[in-house]
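Consider the two complexes below, in which chain A is the common component and chain B and chain C are the respective partners.
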Partner chain A sequence: MEQRVMEKKDVKSFIAELIKLYPAVYGPVAKGKSVVFDRLKDAGEAKFSYTRSILPPKKYLMPQQECIMKFDMPPNPKAESVVEFEDQVIVGVHPCDIRAIKLLDMIMNGGNPDDNYNKRRGHTVIIGIDCVPDQYCYCSSVMDLRCTDGFDIFLTDLGDQVLVDVLTEKGKEVISKIETKPASSTHLKKQDELLEAKKKLFTAKFTGPAQLLPLELEGQWEAPVWEDMGKKCLSCGQCVLVCPTCYCFDVTDELALSMKKGDRVRKWDGCQLAGFAYVGSGENFREEPGARVRHRYHRKFKYHVDSHSMTFCTGCGRCWVHCPVEINLVEISNRIFKREAECKA
Partner chain B sequence: MSKPRIAFFDFSCCEGCQLQVLNCEDELLDLLALVDIVQFREAMTEADWNFDIAFVEGSITREQDEPRLKKIREAAKLVIAIGACSGMAGINAIRNAMPVDKAKEIVYGNKKDAFESTFARPIDTVIKVDGYIPGCPIDRKDFLRTVQALLVGKKPPDHDYPVCQECRLRENECLLTVGIPCMGPITRGGCDAIEPTFGSPCIGCRGLVSEANIESCKQMLEKHGLTIEDISKYMTIFNSFQKEEKHA
Partner chain C sequence: MQSLNLYEPMIATIKSVKELTPTEKMFEVELPDGKRLGHGPGQFVEMTVFGVGEAPISICSSPTDGNNFHLTIRKVGDVTGVVHTMKPGDKLGIRGPFGYGFPVDQLKGHDIIIVAGGIGLAPLRSVINYIFHNRSDFGQFTIIHGAKTPSDMLFKDELEGWRKNPNVVYLETVDRPTPEWKGNGGVITTLFKKVGKINPDNTYALVCGPPVMYKYVILECGVLGIPDSHILASLERRMKCGLGKCGHCQINGLYCCQHGPVFTYTQIKHLEEAL
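Up next, the complex of A and B:
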């Protein structure tokens, strides 16, 4: 990895240059009191001092809704798959969301590679930036604070200057558009200090190591925490729909009004919605909200750890902020670490 | 093959749902290529009792409504309830909480005896209904999707998922996160979260999802500063009839 520095005052012209060069540049912009990723028409629109966007930047790799096939109905049936993509830059991505994209890359290249995702991913440049946690961030409990891969370049604010970690060929290309100098040991030391200082800012923390949760979960299938959360859960689905590492979807065929042709559409779906595990025969495999909360938790902290050795929660805090009844995985994890199920017995 | 014949009927309502059908301006010609409309008081004068699908709007509020509704049922192969009034008695059911006489007095004043009115009910309390298009008013895309489903012999969409799902996909700022109480988490979707998208809270016009966690939702709204009375008002704007049935 190459490390360089640029002057902070040049950041704006850097973004402006990208907007000129790439068909699409996305970045964080204000929406009400919140922030969303949106297309940048002007470098000044970007709001880099944010904590979390409503939806994660994943939406540019796997949109909320996309047509994956166009078809004609009989008598002359025809079907053609659809993959839409263009060269795009996502700027201002935080370490938690960079990690989430890394996890999605793994999933989308597994047993059944996802063409639509992978084509878009291949045409995407990711520019990360460092951040300051709020009371809902808990990345420090589930991942390394130092972001070492999953991006093309990563920017750390050092005050008047910005440290630029350049990781990939694509990264080298974008950064060549602006004047930078090699970073000195003083710059690198400053980055280390910032990371040390950041560690102390987290108020939401796990009481045990996240990597041990698969073991901790053993014998806790019937722990009271699931039913407690199930009683509160409204099954509104917000937690899974805002999650940067969730990738479930539903597929429907939408006929044009002529009834002669149509689109096959996929749309985000998720396991906390009551109908998610409802099957054709009329059964629901996870009828109880508590069973659904338990399933989601295991997806984040057990199943994927067993199969991919990676925790599938990045601690971004989105599910917590959006849950109308404040269900959060920090509280659940800490109850799991306490092994309430056994204490009770 | 001749085109399926469809007809529209209304009982106690504002006829806003039929207006939504007329609002399908861009799609109306395509729709007429698929079906013949044989009765539609809001748009035509002639009335023909030979039809396949009846779309019924409005609640049942008078005794004389019942034979008319039954006649529609006998004539139609399929009956679809459109709108909150027809499907769940909606706003009309608010007055079920008080004696009929008092409600009549509030509405008609000293002319109250000139009007007949009883308990407000959804049409499925009188006849069998084959499908519902919820909402106050209905969503026109939803109407078109339902017609399409019926024509190909599929079950019409039931939208048994919360308004939050569509709201989240549109990336609206959740009103609950900025301190505005919203019924989205327990209200049936399909409206593309139209209210929250424009900054007003969902008030539940499409009815509750089948697994609505009402108890927890009440506690949540209370935390957002609503009093028990406010919450009860919120929950009964459209959904009082449903509740009575459940608690009966």
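Up next, the complex of A and C:
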């Protein structure tokens, strides 16, 4: 990895240059009191000092809804898959969301590769940026704070200057658009100090190591935490809609007004919605909200860890912030670490 | 040609439709240019009714039945409701085959007990036909079949053949016998005492039925001494993509569309949401 520095005052012209060069550049912009990822028309719109966006930048790789196939209706039906993509840059992506994209890459590339995701991903440049946590952030409990892969370039604010980690060929190409100098040991030392200082800012923490949760969960299928959360949960699905690592979807056919053709559309879906595990015979395999909370938790901290050796929660805090009844995975994790089921017995 | 994009269906033609019961029909489906589906017994397809949507349907015919394949479909929702109005010549979209079916090569040389409840007979018919077509490859062959009422029974003309066929021990029951019904009455587990002496280590039990049936049937298989690894259950879930992505068919850490729909009892007995 190459490390360079640019002057902080040049960041704006760097973004402006990207907007000129790429068909689409997305970045964090203010929306009311919140921040969302949106298309940057002007470099000045980007708001880099943000804590978390409402939706993760995942939406540019796996849109909320996308046409995956166009079809002609019978008598002579035709079906043709649709893969829409363009060269795009996502700028201002935080380490938690970079990690989430890395996890999604693994899923969408693995097994039966997903053409739509992979084509879009292949045409994406990711420019990461360091951040300052708030009381809902807990990435320090689930991942390494130092961001070492999953981006093309990564920017760390050192004050008057910005340290640029250049990881990929695409990253080299992008950074060549602006004047940079090789980073010195002073710059790198400053980055280390910032990371050390960042560690101390977290107030939400797991009481045990996240990697141990698959083991800790053994024997806790009936732990009281699931029923407790189930009683609170409204099954609104907010948590899964804002999650950067959730990728479950539904597929529906939408007929044009002519009734002669239509689109097959893939949409985000969520395992917290009541009908998600419903089958034709009338059975719902996760009928109780508690069972659905438990399923989501296991997807983040057990099932995917068993199959991919990676924790599928990045500690971004979105599900916590957006949950109307304040269910959060830190509280659940810490109750799992306590092994309440056994204490009770 | 199957597209590189795994979401793109082949355009298939309905060749024949047979009404099995008021709610179930069997469709014979032909692929373009008479191409074979290339499935194994126990696999499923994703079937598109254009403009309505897609649904996962088990294949109820054996690859040994010919080039075309058969789908037995119960009218339960939007897609299945519309397919029930379709006629020979009408077009469907087909993706697949998907999933892990019955491991017929592994089953060869063994005694086979089929346990079918209700529409569970449809996916099992694929392996039943396969065994009949390769009868000398298998040992003792028993079919245990239960339905709600005599009129709910699927494949009635084929059942008539099985009743008379010396190559299979066919046991049947209905939960609610009618006055005309001369056979057994009661739930499917009541038939297990009619299964004679078996060689459990050389026997495989192949099970499919309504969710409530599995626990009881698997208990009976255990009483017969059949090892857990020889009990194969085909499970129902709503496989929306068939590719291990969409999440709908997930059973704990397993995807029914990829790791199943056929599982050994060893695989699923510790999974809380499986049965």
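Note that in this section the second predicted complex is superposed on the first by the 345 of 345 C-alpha atoms of A that agree within 3 Å, B and C clash if a C-alpha of one lies under 4 Å from a C-alpha of the other, contacts with A are read in each partner's own complex, and residues count from 1 in each chain.
Here is the rule we use: contacts are C-beta pairs under 8 Å (C-beta built on N, C-alpha and C of every residue); 3 or more make two chains touch, one makes a residue touch a chain.
Because the structure is predicted, anything quoted here is derived from the model rather than measured.
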item: Chain B versus chain C as contact partner of A:Pro289, first or second or both or neither; value: first
item: Touched partner set for A:Pro74, first chain B, second chain C, both or neither; value: second
item: First (chain B), second (chain C), both or neither touched by A:Leu255; value: both
item: Contacts of A:Lys267 with chain B and chain C, given as first, second, both or neither; value: first
item: Touching partner for A:Ala210 - first (chain B), second (chain C), both, neither; value: neither
item: Superposed model, chain A: greater residue contact from chain B or chain C; value: C
item: Partner chain in contact with A:Cys233 - chain B first, chain C second, else both or neither; value: first
item: Chain B versus chain C as contact partner of A:Val29, first or second or both or neither; value: neither
item: Chain C-contacting residues of chain A that also contact chain B; value: 255, 259
item: Residue ranges of chain C touching chain A (in the complex, touch as defined); value: 3-9, 11, 48, 50-55, 74, 76-77, 80, 90-91, 93, 119, 210-211, 236-238, 240-241, 243-248, 250-253, 258, 272-273
item: Complex contacts: residues of chain A adjacent to chain B; value: 31-34, 36, 54-55, 59, 64-65, 231-238, 241-242, 255, 257-259, 267-268, 273-275, 289, 321-322, 324-325
item: For the chain A and chain C complex, residues of the former touching the latter; value: 68-69, 71-81, 83, 107-108, 111-112, 114-115, 221, 247-253, 255, 259, 262, 264, 269, 271, 276-283, 285-286, 291, 295, 298-299, 302-304, 306-307
item: Complex interface listing, chain B residues touching chain A; value: 27, 30-31, 33-34, 144, 148, 151-152, 160-162, 164-165, 168-174, 176-178, 184-186, 209-211, 213, 216-217, 219-220
